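Across the two complexes that follow, chain A remains constant while its partner is chain B and subsequently chain C.
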Partner chain A sequence: MNKSQGESWIWFFLGLLCFLVPGGVAVFIAYDRGISFAPVFMFTGIVIWGGLFWLFPFICGKLRKGKKKVSFDERDQLIHKKAVMVAYVVLWLYFVAACVIAWCIVGPHGSISVNVMPLTLLGGLVIFTFVQGLASLIQYSRIDKGEKA
Partner chain B sequence: MNKAQRAAWIALLLVVPAWAICGQLPVLLIYLEGPSFLHLFSFACATIIGGLSWLLLLLFNRKRKRKTKIEFDERDKLILIRSILAGYVVLWLYFIAACIYTWLTASPDRSISVNVMPIVIVEGIAVFIFVQSVTTLIQYERGGKDGEK
Partner chain C sequence: MNRVLKYAWYQLIVIIAATIFAAVTLFIAAKYWKGKEFSAVIPFCLFAFVHFYRLIFPLKPGEIAFDERDVNIKNRATRISFTIFWYVFALSCLIPILVIGNGSIHVMYLGGVLLGAAILTRITWSIAVIVQYGRSSKGGKS
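Entry: the complex of A and B
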């Protein structure tokens, strides 16, 4: 198991809790105590950090390019890119499904709580992280099998 | 100017304004006539095709790869993937901005029309296509005359 594969496993289990719990808390605080700087800042930070965390390995890879020890090579980059794209496809389908379901449940003249939108975004973040971790693990396991055979 | 650059210009000048204006049509139809299967199906199809049109492009060019004349090489693929990822980064930030804006304008204990969600998604497609086209054009421009076919 290489470093990226290990990170995928960690991401797979801990990533969900890292975003879902604090994000949910931020929405609850805003709902309970009214809108203020702290919950909005907390929510924005979590969704930006969580949703764009996949950029981190690329930035690190570019910064470390001069060093001799390569921990994130071309193959890892390709796997990472593919996993991100698969995760985005699923995320998009989730957003479309969320819209259609809300329409069916409430009806086109109905209304939803304003908190549904940030909660939908948080759900999307969890799905994105989950699918990205899963897609990375599947790709690494496929390559490992190919290497052994 | 190669095929991908022409497609990016067409998307930028025609597809983006068309999506931004006509994309609201299914939402309006559902609002006026109620959520029938046909309307919901057309909305789901339009948003899935609009948001994942790049996937069709990748699959189509993979099939055409077997032919002797190569019109979509590795460099084009790399540019397409980079522009898709850039598009998704901006799309994610757009969704966050939309959520925060509705949170701030309507206080957390209030409700919003259920049609806000599909409108945000439809406009998200226009944002995505716009960023994807602009980054495609910038990357080909950076490639210079060597990249011309």
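Entry: the complex of A and C
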């Protein structure tokens, strides 16, 4: 495992932890004590964090640019951009599936509980981070095997 | 005009026109057509015109569809539009909780959010492409 691949694994687990832990706590608080400021605030924080999380490797790369050793080069940027794109496409498909499945289950005149919505959001966050990390790892492993990135 | 830029303008105009048409049709149907049979396809039929671009403006012989710079601009615009979509998705999940609390929402809300997100993603993509071409023609970084 090279350094880039190792970093990719770190981002993968860090991303999942950053969303799963506060998201799980927010869901637990919401179900235990009802909807209040704290879980909504946590969800808002996760959303802002989740929407901008993919920028972090770029920012870290820029911060390290001044150092002599190159740790985030153009190839890494390309891999990261591709991974973000794949994750966004999967997120879009998940969103469409969530809407269509709810429609199919309750019918065109039915209604769904509002509590389902934050769970859908949390699912979207986890899927986005998971797919992004997985796509990065797959691309790095393909490069290691000598294939085109 | 560049073909990708032309497509962005075409898409923006079609989407805005189709949205206005859908809003007017739905308003008329709700006000004057109440209780009568009405197909939901009618207000949204104009959105299909987005996919007719290649039929209306076919590739001329010798014309290049897109080069590397166009691909970069398109990819950047796609990332921007997906980021906007992400925030729409998040807001659509959080707003019902803040407004309703512990109640329930009609399933049509999800359909509306899906349609709204799709329209907004397309509009953002078109604007991002137009802005990037505008910047690059002024000598800025594309």
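By our rule, the second predicted complex is superposed on the first by the 133 of 149 C-alpha atoms of A that agree within 3 Å, B and C clash if a C-alpha of one lies under 4 Å from a C-alpha of the other, contacts with A are read in each partner's own complex, and residues count from 1 in each chain.
Here is the rule we go by: a contact is a pair of C-beta atoms (placed from the backbone, for glycine too) under 8 Å apart; a residue touches a chain by one contact, two chains touch by 3 or more.
For clarity, every value in this text was computed on a predicted model and none was experimentally measured.
On the superposed chain A, the two partners chain B and chain C do not both fit; they clash. When the two structures are aligned on the shared chain, A:F95 is found in touch with chain B and with chain C.
Applying the stated contact rule after C-alpha superposition, one finds that A:I10 touches neither chain B nor chain C. By the touch criterion stated above, A:V21 is placed in contact with neither chain B nor chain C. Using the contact criterion defined above for the overlaid structures, shared-chain residue A:C60 touches neither chain B nor chain C, since it reaches no partner. Of the two partner chains placed by the overlay, chain B and chain C both lie in contact with A:G34.
In the superposition on the C-alpha atoms of chain A, the part of chain A touched by chain B in one complex and by chain C in the other spans residues 34-35, 40, 43-44, 47, 51, 81, 84-85, 88-89, 92, 95-96, 98-99, 102-103, 106-115, 117-118, 120-121, 124. Residues 30-31, 34-35, 40, 43-44, 47-48, 51-52, 55, 81, 84-85, 88-89, 92-93, 95-96, 98-100, 102-104, 106-118, 120-121, 124 of chain B are the ones touching chain A in the complex. Those residues of chain A lying in contact with chain B across their complex are 30-31, 34-35, 40, 43-44, 47-48, 51-52, 55, 81, 84-85, 88-89, 92-93, 95-96, 98-100, 102-104, 106-118, 120-121, 124. The residues of chain C lying in touch with chain A in their complex are 75, 78-79, 82-83, 85-87, 89-90, 92-94, 96-98, 100-108, 110-111, 113-114, 117.
Chain A contributes residues 34-35, 40, 43-44, 47, 50-51, 81, 84-85, 88-89, 91-92, 95-96, 98-99, 102-103, 106-115, 117-118, 120-121, 124, 128 to its touches with chain C in the complex.
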